[in-house]
Amino acid sequence: MSNELIDFVLVSIALLGIGIYGLSVKRNAIRMLFAVEIIINAANLNLVAFGRFIPNSGGQTLALFSIAIAAAEVAVGLSLIIVAYRMYQNIDIADFRSLKG
Amino acid sequence: MVGELAGNYSTVVLMFGFAVVAMAPALLISRMISPRKKSNPVKFLPMECGQVPSGEGRTHFMMQYYAYILMFVVFDVMAIFLYAWGSALLELPKSATLPIIGFLAIMFAAMAFALYQSGKRTIW
Amino acid sequence: MNTELPPGLALQKVDERIMTLNVGPQHPGSGHMRIIVQIDGDFIVACDPDPGYVHRGEEKMAEYRNYITNIPHLERPVIHDSCNILYPYVLGVEELLGIEVPERAKYIRVIAAELNRCVYTMYWLAIYGIFLGHSTMFMWPAGDRELLIDLLEKMTGARVTHAHFVPGGVRNDLPPNFEDVCLRQVNYFEKRIKEYAAIFYDNPILIARTANTGVLSREDAIRLGTTGSVLRASGVDYDIRKKEPYDVYEELDFQTNVLKEGDSYARSKIPWLDMLESCRIIRHALQKMPKSGSVRVKLKPNPKGGDASVYKRVESGRGSLGCYIVSDKKPEPYRVKLSVPSFRNLIALPYLLKGEKLGNMPSVYWSLNYWPVEADR
Amino acid sequence: MSSDSDEEPIETTTEENPKSTKVSTVEKEPELPKFEKGIADKIVEKFGTRIKVAFVKPDRVRINVSRDDVKEVASFLRDVLNFDHAESVSGVDYPQDKEIEVVYHLGSYTDSSLSRQILVLATRAQREENPIPGNDATKLPSLREIFYSVEFHEREIFEMFGVFFQGHPDNRRLLLPEDWADLPPLRKDFAIKGR
Amino acid sequence: MLKELITPQNANVFIGKLGDILEKAIDKPLGYAINWGRIWSLWPVHIETACCSVEFGAASSPRYDVERFGIIEAFGSLRQCDLIVVQGTITRKMAPRLRLVYDQMPEPKYVIAMGACAITGGLYFDSYNVLPGIDGILPVDVYVPGCPPRPETLIQGCMLLQEKIKRMKARKFV
Amino acid sequence: MNTATGIIKALNSGIKHLAIKRFTLRYPEEKLKFVGDGYQFDPSTGVGIAGYKGRHMLFHDHCTGCQLCSIACEGVAEAIAMVKVPNEWKQNKKAIMPQIDYGKCVFCGLCVDACPFYALYMTNDYELSSFSKEGLIYTPAQLQVKPFVSQDSEIKITSRGATHG
Amino acid sequence: MADAVFLALSVITIGSAIAALEMRSLIYGSIALMGTLGGIAGFFLLLDSPFVAMFQLVVYVGSIAVLILFTVMLVKRELIFKKVEDKRRKFAGIGLMLVFIIALGSVIMDSGIKSITTDEPAVDFRNIGADFLTYYWPALILMALILAGSVTGALVLARREDVNNEQRTD
Amino acid sequence: MSVIAPNFKFSEFVKSILDNAFWILLIFVLIGLPAVQVILFYIEMPVINGELLTPFLALTWLADPSRTLPILKAFMTTDLFKIVAFPGFGFAALIAAGTIFVERKMLAKLQLRVGPFYCGKFEGILQLMGDGLKLISKEIIIPAKADKPIFWAAPVIFVATAAAFVALIPVAPGWVVADIDVGLLAVFAIIGFFPIITILSAWSSNSKFPFIGGIRALHQMVSFEIPMILSLLGVVILTGTLNLSEIVESQTNFPWIIFLPIGAIIFFITILAELERIPFDLPEAESEIVAGWLTEFSGMIYGLVQLATYLKLYAFAALFVVLFLGGWTGPMIWPPFPEEIINEGIVMGPITAKIPGLPIFSQEMLNGVLWFVIKTVGVIFFILLPRGVFPRIRIDMLLSLGWYKLIGLAFVYIFIALGLLYAGVLGPGGIL
């Protein structure tokens, strides 16, 4: 059971790439939220991995903060989606034309 | 060694897997030995109290209590954060309680507002 | 008097937010009817009761049967309150034929009617309990009502469909030693139903759940023409046994129970208080009853009514129960109309359910003291 | 001999036994009960000959009204005489008169002096041989706006007799099956099986 | 099912024989066990069609307590039920719903006709809105007469149904 | 606090009932006792004699084949049909006797009231369930058999609740 | 070197991440997203940080996934199964992803990270709590503010404006 | 009456069983044994008492108890045994089955009736088996337009998640399937899966009543998770650990319920809510929404869901015992294993058999298990009791109870615990 840092970092790069792909391709607001979540998780993985290999509790602490803020972000994001859905009966961001605040 | 603690957790996953392995055959056996008749298509309609169902089964259905789920996402984080504090409390100096009290105070304010908002049923 | 109408209660247009639920006929919370409920989230926006699943055409069939053979038919709508639903019919036929009933028969009728009222109310209470998810409150009343069913069975020979009242009295005399058994079981019954207070009527969860739900104000109760426990729970003191006493009720000592709140809780408490009152009536009647005597006057064979119409009413387990008989000099009635309290109370259902929470639906519905079979006839 | 054991042989012979033996309740009784008489008098005083007091018995007063006046009379009963609800609405079919009678039994909760009283308000609608419920001449004005409690009763009358109530917001089927296509069942010409 | 796999047509005689023996050896004990389970676990569907539901309720009251036989009254959904007790009159409005309820129940399912109205129409033999018995729409297993039947009679009917289930073939493996 | 005491009272009431005797009548082993032999009718006085209205019992030597019971049932359920019986009776020249279909009978007892010859009464037998509709039709010969009943349980009220046995 | 558990976890994580974005049904997409999040929790366990792993499970799977799932269910059925994208954009996206992965991967493979490994024991999870309250306490307060702001904002945003006052309030 | 007890032909049943046994033996000899040999060739066998376990040795050990017991003991220390049998699935399923039976009988007693009586010879003891056999032979109906994969998988995953929850419960010292240092957080992580499974299965059945029921279940479980998490914080504050076994060991002197009764009450109420038991059984409120999210489940799917529900019930009751009632701690009441059997062996007539390895379980472990089971049964009794006493409450009452009252109470209680700690009553410097 021995893993090296590079393995984790590679996984996190892959996740980051998938997230970027999702963000750039998908036009569905919820899918874009998925992509954002994947990117945040990739970052968290990196934080914890580096924290483990430079034995230090800071990595984990930062990961906790990051997860907590992700929760806040999802709450707000989904509320936005609900509002948009209620206004346009759609969740395709291409249709959110008149989001002028 | 990296990953030496993970072994403890494998048994939980094994237990999960065992239950799946043990229960899936129950369904399979049941499927094998139970009688099946596809004579009547009415049988597979959704059950609606002896009525032929009307409308969609899954609709855009919003309970007036959606706010509580939104609140749960945030306050769940708060509750688990308190565990990080609580488990380390015996090793901390007493002054370390002050930040958590500040944390709780802010969250209380937010919770009060949120509960006030979600208590107004008509706006949901 | 307030003349404005309640808001329109018809079903709404189905839009995205509104879901239409068919509650019934196969539903643990509907009884024998269907309630079409439209909900928006947790709130009922409209409700349309759809009775008629047990409509059997009693009134039509009564036109083809003579005054005696109608008796087994007309008690079927409420078999567990069969004495009371026959009562107005029998009284009406007696008025049409001009019969005077023996004194002992009157007392036997009152005892049977009061026992039957308790039997009905206990079954109603049992269903009310199970509608609120209180399985013990199903079992206890359903079991304790057997004490009274036992008495009625000794008295009339059938568990529920007694066919005991006939124009001119009752069909058979009391069995020997009935008074003692009756007194003992009624006393025990009264002790039992007093025990429901701790587990049901004083239960804080029940009070929180049913108080202030489905509030029917005094004015609305009068305007909607509700009757019985629903009316008395809204603060109108109207009990036919007091207001228009029939048989020997004016000689008996009892009182009516009135509550002011008009919510589900009050509506469910009135029948319970009535049962305690019924126990008093039974004891009093047993005491005052003539110990012997005729119980049935002889009738002319195949009796015929005159060319007249009568409207008689009694207080049944659910409320005022009227019977309108039109006779046209034939052995069969020309028209029999049962004005049943369930049907009269049903009109309050869509009015009370509008804006209520879905979770209150069973309690409000069943607190109307509604027996679907009776409403459908 | 018992009453009901002996009635059957006669039923088989179905002869008219012109006996209406006891008291024929239709006959006017020697002295009318006072209170009920007062109610009847008040109505007669207001409407005069437009209505007809059919009988005045203890606790019961019956008045017959034509279909045009029924709303007016009902409003009078509610507003002046304090009859605030309808206990029952019954239809009676009279094929020989070509009329369907609709009988409202009105009671009062608010006025304690009236608590024993039932006022019977009867009106008649034209009857058609081949009814098309809702679309023929069998129509009556609805009293729902005056007595809210008649709503379901009038719906029932509509489906059982085919009497359409004008002004009733909800003249739908109530008790019968949705696919009922026969005559309204409580009419006298609707014969049940085997009779 | 085993016979589909192993039949004399597509295998030699010995394997066919083996299949027979296997079927006998598995089907019988399994059939006994399953029938035994079905006997003691009859869950009636919660459909009240008319006034006999009063006595059906009384049958599950503490005095008669059909749960002694494993029958749970007031069961929620029809998808989990085996027994349909037709409690009295079936009107023309109720009949299609009753049939739908019966159709939606999972196999195996049993029908008890409770009360005179459900058996022949009873009192309402000449009513315009009542079906003359439910034989026309449901296959009835046990008839319980009475108007309404005593709870004892209903329990006796349930015991007759248990007898009947015991004699049924639990499952055809063919 | 009011809520708390209410909840505790309810729990207390529930626990107290764990000690109360069971009310159940164990039906197939115990059977309920009824008043007398069954519902009978005395045509001379015109009043019935209290008893349980169960399955009928027909005395062949009293029945005259007068059809009164059948006529009485016509308006109720049409359960009684008059059928030929093989052997003749002195008082019953037509040799017809009632045959009762319990699939239709509603146990109202009007037929008993109608019989002026003490030929028909109702017994305490109620165990009539059957696998088939034909099994519910009781011929005069079957109606003649007196049912064997051993019914002796009654409600007993003790200090620990009502019970049977 | 990577062992079997690690490989399995990587496959689960990356595969379900792709599935989350590419599944036709949004519901299945959310389930796949839960797979990704769970896989990440597994990585955290492999990295000897059980507290973070459990936090991830509680917060992400237990609440965020629930919220997403529930919100998806509120959306109309046809939208749940609808996919809106065009082909060219998709290829461009795949290209962008590959460029990113290759560039970052080559940078990292070239750096010194490749050889980092450790034999030291893992950090006790109690240190995290200690960190929070001693060194990072301003961040804790800031996070409280963020959470409070987010819940306030979310509630204000998500409520309905077209209020019809027919419902009874109590 | 003779009709009552169907005279089940037991002799034929036994005959067919014997028939089966013969065929199984034959097939095993012909196919099974060679297969076992092949498998043994590839798999590494354990070493017991210095001897490698070969099939030959295993067969000889079958005949000699003195050599069998070590195998048994070695087997019992493996993870497999823990998962399948003792602290894991088998034990929990046994208690769950007992719970179902006890629930029905106890409810019946409370309601003055008998309950299951004729199934099985004694007091309906085999009722559950009958129900299980019935359910397994019942048709499974998948509604049209249902989401088939989720519909099939949800009950299995539900059972598996409940089993994973059971895995965290320490039953006796050392007897726990997964002894992990953040056990309490793992509990929360696993509880978090239940709402997802519920809402997914409700959504998958494409019917209105399950959907409403699922949404209700979601709201209910989610709302009561925060009071539950907060109600356990006091214990964590006072013990400074998240490991369940260590929490139990911290209660050797007194259980935490003495100092933290408020937390125990909150936790108990949240247990009732999480288990969807009356008065909180809104997701299955049969008088409103037929059977809630279980409406479309038929046959064995329903059976699995019920099994999982009762596994959950056991797990929660056990968690209550572990956290507040001191788990396995308690005075020693289990009699010690007779020394002479260990020293001298069993004397049977002329033969003396010395059996090393007895007793299989140590006295402490058996005593711990006994106490644990007694306490768990007590807690289960109190979880079952409200079903006979209270009516169901309404969803808005439930939410306001969870969010307004329980959370407020939980914070009060946390500060009480903190006060106890800082006042030096408890904790390292206190009387602990």
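Which chain is which? They are A, B, C, D, E, F, G and H, in the order written, and residues in each are numbered from 1.
By definition in this document, a residue touches a chain if its C-beta (ideal position, glycine included) is under 8 Å from a C-beta of that chain, and two chains touch if they have at least 3 such contacts.
From a predicted model like this one, the values you see are computed outputs, not experimental measurements.
**Q** Expressed in steps between touching chains, what is the minimal separation of chain A and chain B?
**A** Steps on the shortest route: 1.
**Q** Between C-F and F-H, which chain pair is linked by more C-beta pairs in contact?
**A** Counting C-beta pairs in contact, C-F comes out ahead.
**Q** Roughly how far is chain B from chain C, going centre to centre by Cα mean, in whole Å?
**A** Centre-to-centre distance between chain B and chain C: 46 Å.
**Q** Quick check: how many Å separate the C-alpha centres of chain A and chain G?
**A** Here the centre of chain G sits 5 Å away from the centre of chain A.
**Q** In angstrom, rounded to a whole number, how far apart do the mean CA points of chain C and chain D lie?
**A** The answer is 23 Å.
**Q** With centres defined as the mean C-alpha position, give me the chain B-chain G separation in Å.
**A** Those two chain centres are 16 Å apart.
**Q** Any chance you could list the residues of chain D touching two or more other chains?
**A** Residues 1-4, 8-9, 11, 176-177, 185, 190, 192, 195 of chain D touch two or more partner chains.
**Q** Which chain E residues sit where two or more other chains touch them?
**A** Where chain E meets two or more other chains at a single residue, that happens at 34, 47, 61-63, 65, 68, 74, 76-79, 91, 93, 97, 101, 104, 107-108, 123, 125-129, 147, 150, 156, 159-160, 171.
**Q** Counting only residues that touch at least two other chains, what does the list for chain H look like?
**A** 1, 3-4, 110-114, 117, 135-141, 180-181, 185-186, 188, 203, 208-209, 212, 215, 218, 222, 225, 240, 242, 286, 290, 295-296, 299, 388-390, 395-396
**Q** Would you tell me which residues of chain H are touching chain G in their complex?
**A** For chain H paired with chain G, touching residues are 147, 180-182, 185-186, 188-189, 191-193, 195-196, 199-200, 203, 215, 218, 222, 225, 240, 242.
**Q** Mind pulling up the chain B residues that touch chain H in the complex?
**A** 5, 8-9, 11-20, 22-24, 26-27, 29-31, 33-37, 41, 43-49, 53, 55, 57-59, 61, 63, 65, 68-69, 71-72, 75-76, 79-80, 82-83, 86-91, 94, 97, 104, 111, 115, 118-119, 121
**Q** What residues on chain C touch chain B, complex-wise?
**A** Answer in residue numbers: 14, 16-17, 19-20, 22-27, 30, 34, 41-43.
**Q** Enumerate the contact residues on chain G facing chain H in the complex.
**A** Of all residues in chain G, those touching chain H are 27, 31, 34, 50-51, 54-55, 57-58, 61-63, 65-66, 69-70, 73, 125-126.
**Q** Using the touch rule from the top, collect the residues of chain D that touch chain E in their complex.
**A** On the chain D side, the touching residues are 176-178, 182, 185, 190, 192-195.
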